[in-house]
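Just so it is clear, A, B, C and D label the chains in written order, and each chain counts residues from 1 on its own.
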Amino acid sequence: MKQIGMIGLGRMGANMVRRLLRAGHDCVVHDIRAEAIAELAGEGARGATLLEDLVAQLNPPRAVWIMLPAALVGKTVTALRALLEPGDIIIDGGNSDYRDAIAQARELRRQKLHFIDAGTSGGIHGLDDGYCLMIGGDPQAVQSLTPVFTALAPAGGWLHCGPAGAGHFVKMVHNGIEYGLMAAYAEGFNLLAQADRGLAARPADAETAPLAQPENYPFTLDVAAIAELWRHGSVVRSWLLDLTAQALHENPTLAGYSGHVADSGEGRWTMRAAIDLGVPMPVLASALFERFGSQGQNVYANKLLSAMRKGFGGHGEKPVDPAAHDIRPGD
Amino acid sequence: MKQIGMIGLGRMGANMVRRLLRAGHDCVVHDIRAEAIAELAGEGARGATLLEDLVAQLNPPRAVWIMLPAALVGKTVTALRALLEPGDIIIDGGNSDYRDAIAQARELRRQKLHFIDAGTSGGIHGLDDGYCLMIGGDPQAVQSLTPVFTALAPAGGWLHCGPAGAGHFVKMVHNGIEYGLMAAYAEGFNLLAQADRGLAARPADAETAPLAQPENYPFTLDVAAIAELWRHGSVVRSWLLDLTAQALHENPTLAGYSGHVADSGEGRWTMRAAIDLGVPMPVLASALFERFGSQGQNVYANKLLSAMRKGFGGHGEKPVDPAAHDIRPGD
Amino acid sequence: MKQIGMIGLGRMGANMVRRLLRAGHDCVVHDIRAEAIAELAGEGARGATLLEDLVAQLNPPRAVWIMLPAALVGKTVTALRALLEPGDIIIDGGNSDYRDAIAQARELRRQKLHFIDAGTSGGIHGLDDGYCLMIGGDPQAVQSLTPVFTALAPAGGWLHCGPAGAGHFVKMVHNGIEYGLMAAYAEGFNLLAQADRGLAARPADAETAPLAQPENYPFTLDVAAIAELWRHGSVVRSWLLDLTAQALHENPTLAGYSGHVADSGEGRWTMRAAIDLGVPMPVLASALFERFGSQGQNVYANKLLSAMRKGFGGHGEKPVDPAAHDIRPGD
Amino acid sequence: MKQIGMIGLGRMGANMVRRLLRAGHDCVVHDIRAEAIAELAGEGARGATLLEDLVAQLNPPRAVWIMLPAALVGKTVTALRALLEPGDIIIDGGNSDYRDAIAQARELRRQKLHFIDAGTSGGIHGLDDGYCLMIGGDPQAVQSLTPVFTALAPAGGWLHCGPAGAGHFVKMVHNGIEYGLMAAYAEGFNLLAQADRGLAARPADAETAPLAQPENYPFTLDVAAIAELWRHGSVVRSWLLDLTAQALHENPTLAGYSGHVADSGEGRWTMRAAIDLGVPMPVLASALFERFGSQGQNVYANKLLSAMRKGFGGHGEKPVDPAAHDIRPGD
């Protein structure tokens, strides 16, 4: 049985504590939200309202796992440094920039503290399926936490990837790939959803590209059924497809979504690394840029395109076709 | 002096007639809008209310130039065929699919009619600057129209590119390139317009990638002045940049544009050719897809991405940041 | 028990026959290679050296499944038409253009023959796992073949998607997505494989972008172990990742591959549909264009870029860095 | 008349000195290559073998212009700092990272030195046409150099864009756009060069996408003549097209080029800014990635794609078609 502190009891942190508790580990938990602490205390964890409490409740050498948004990790590490003792270990399990891990490990080493970056994948399903853990840090410190990693991950689901930063680097690339996979499905399903376009009429003017051969787009496809179908024996089967099939099954018209897709940093960092190294990543970049576009960041560029078109061709803008915004697959 | 019939007196056709009249040619003009005929009749052209009139007013061997949207060319050619005689020439100067030109030339040849495809670039500025003409068709027919091409084009501005279809093929690629050039400028100016982002605050949560080093984005740039600057001695100077500078000078905030950018077929046909031939065109494809996105055709895909994110991470969508839609460069 | 004819005993067709035989169906098989027929005859199928034999050995209403390269399907259908009788069914299970299916079904209908397009996924693993079948065609004909589809597919692995063409349309999009998924992994693993670049020196001249902060790329990653890791609990787990992990396990340096990646048509057709419909597909297009590039189709474009650079900057080309071509992950 | 020191007498620096001398300015010049100094000394400049000499020959307040590869600017600024006095100005005219300019200006300000970043475009043609200058820095220092900027630039060809860093930021985006423009032309001309593909035969097997409708690609186009044509009246006319036409005129087969296209940093920095700010730049990214690919950085990814294809489909690689590498437009 290992003892571990957990800071940050959001979607990820709370479930990781639950998984550790189930495996018989001793968890001391902290969050800025008292009710989050209380909830896990009710499930067997020991609560700590202050960082000082958390540190005090752990026996040295301590292991403190931080599960916070990237923007909050730095100040938390700084606060912990003042409280920890040589030999203690800080683990950052969030979606932090791996460069921070390299810098933090270097800094903490001066104080004889260990820093471990533990890239964590699995989302809300990790509670039951286990989390895939990509670990960076000193071999000794990593080894000492083997029981923790084993409890969190499914069989085969954790790896010591290399020195500090390697874990978050691998997680970063993992998320970059994830963006690409998601976009591949999204683009494909978008095409399926529009395969009935030949059934509708279409204006013929100089501003609109005519639909060549509408007879080739006569299909009203059941997108949800196709997602489900592909789960069985197809080359594109995957866990993301499982989720997609479930999402389309529950909400075939995707009602309630606006199409504003956030990105949480790791896709950007992947691209930054690609640029630093001169590695071409057109697919992952396109996936990232689709998200930027969905966030409205292409509006200025598009307005300028319209202004140029007016400049050389006297073209006015056509009003947006409202039907294009209101696709209803499966209706 | 040559005699020529012109069908279609829109932005392009009317100005081409004017240019031909200035060069002393005899023009018989037709349009479905009587007022368009009347206007050019007042400038020295001979009007023809019906296609039959137009043909009757021309001496054989006739040359009839069609300047219509791609979707209307086919039926006009069909109508003309019934009226013309062996040795007559039909010229399609619009943005038609070059494949149609190949097919039409083959068809008309049976009737001993000539078909010439004349890709025409220059937009509303062609009246003064001349039009760049990309010509396909039988050498003899092309040669017989040399005075017409010379009157329409500036010095060096017309070329017999090859057999029927070659003119529209070259024009198609021209427009594909045009899309790429426009997008390159639009993306670059978009970045310039957002270089002041570091001056504003930004939320720190798990759903938003934090702006790393806001101190690197402190610039409130005068985008219009930069467009003007680049016209003088820079590597990126071009006619499209001239237009961009003028557009930004007249309307620095791009007020009145929604950012819905139409596409008129040639970009798509360029891509189709690239795909047929296995030629990579990531830049031109990206430019085309940006337009499709601006037309709202990515909404389903983006909604599905949001649904997937909810599926694995429990992420809800964030409301779109209205500020992102309301960039005001130069304010 | 159903009776079925199979034409084309390559990688896919032969295994599908085996799966049908195992399920107790009666298979008559044909191929231009006598040894392929003999092999399956040895496993319980009835061989037919000529199409005529195959048709003669089947009781009406017959079902003949074609499993051939797209380029050979048309002539085979034509040959079969002359031999079949009203009520018979032709199934095209290959990677054919769905537009051909639409046209063929229309044509065969005049002769009271049924045409079914059966997009088939699963590759060489389908023998054991079952094939995912995407079916288009008349409901009655499709229904009559239910026992065949059930034998070929795993549970849940076949779907009647819509009228003729719908099956191949869905399979086409499936393959388009597949290209995107594959490229997402390939790009990500490429970045992992190059994360040690900071350990090497790099020239500093005007022609080479300097590697900013080499200390950020100190990782010698075990790419094969990471592929295996991600199979367990990560968001990017998939069947393609299973294959990738196995490939990297067996051949960590990817020895023997040149990097020339073929494409077999469906990615192109997906893109053509996207262009017809104005649906943005930047990710799938990028994946396709990466393949075109790997086939050497960007060489002219790149030479022209070099010529332009020489034109404005007097830049000569640098020799290709041989090290860039000889990456050895895991060495 | 102004006095100015110039460090770095390469392609750009030497010609800038010439332009300053022609305008009657007093130039003190330095380079590590003695012959470069001697050459300009022969044209009226004063040579300085050592930085100390250069500084000693200038009257305070001095203005020293650095025209060196980005990788060498930092150490040169450091060396100059030790020699200069309060009120002196350092101008970096190279393709440096604008972030360095922000940092250097901050640092130099402590010593009461001014830092000006002067993004410089125009290439080897700037000697005659003038250079387009994008200036960042303190208004007073910028103003004091007005005669210098006026001598270097054509009319309208210089702009004070904002505080330190703004000049290099604008130049960075300029180059990002340049990459996009170049790629747009290169892709388009590549397509033109391959429009004769329908004249050749093509294999029909499962590994090669068949060329649909070869009759649509019967054009043997004179690519050089088309480049020249488009210079006259077309929408895509530009200075880069002028260079392209000249390059194709002189070397229609692009003999001697390998297609290895270097990138010099600014395209990467543009992309980094786009990623920091969440601004989509699919076109500029694609252009950059095409260059990375031309440098051989996609080989690992492509090998992995081949390995995956073998994994699911048993596909072997096809040998690269040597004809694809040896396109000869205009032959």
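We take it that a residue touches a chain if its C-beta (ideal position, glycine included) is under 8 Å from a C-beta of that chain, and two chains touch if they have at least 3 such contacts.
Please read all numbers here as calculations on a predicted model, not as lab measurements.
K.L.:
Following contacts chain by chain, what is the lowest number of steps it takes to reach chain D starting at chain B?
P.N.:
1
K.L.:
Pick the pair with more C-beta contacts: B-C or C-D?
P.N.:
C-D
K.L.:
By CA centroid distance, what chain is farthest from chain B?
P.N.:
Chain A.
K.L.:
Starting from the mean Cα coordinates of chain C and chain D, work out the distance between those two points in Å.
P.N.:
About 41 Å separates the centre of chain C from that of chain D.
K.L.:
Could you work out how far the Cα centre of chain B sits from that of chain C, in whole Å?
P.N.:
The separation of the two C-alpha centroids amounts to 36 Å.
K.L.:
Give the residues of chain D that touch two or more other chains, as numbers and ranges in rising order.
P.N.:
123, 183, 185, 187, 190, 194, 209, 212, 235, 239-240, 263, 268, 276-282, 285-286, 289-290, 293, 295, 297-298, 301, 312
K.L.:
Taking the complex as given, what residues does chain B use to touch chain A?
P.N.:
Going by the criterion above, the answer is residues 10-11, 69-72, 95, 97, 123-125, 182-183, 185-187, 189-190, 193-194, 204-210, 212, 239-240, 243-244, 246-248, 251, 254, 257-265, 268, 282, 286, 290-291, 293-315, 317-321, 324-325, 327, 329.
K.L.:
State the interface residues of chain D toward chain A in the complex, per the touch definition above.
P.N.:
On the chain D side, the touching residues are 235, 263, 268, 271-272, 275-282, 285-286, 288-290, 292-293, 295, 297-298, 301, 312.
K.L.:
Within the complex, which stretch of chain C touches chain A?
P.N.:
So the residues of chain C in touch with chain A come to 98-99, 102, 121-123, 126, 129-132, 134, 153-159, 161-163, 165-166, 169-170, 173-181, 183-185, 187-188, 190-192, 194-195, 197, 209, 211-213, 215-222, 225-226, 228-241, 270, 273-274, 276-287, 289-290.
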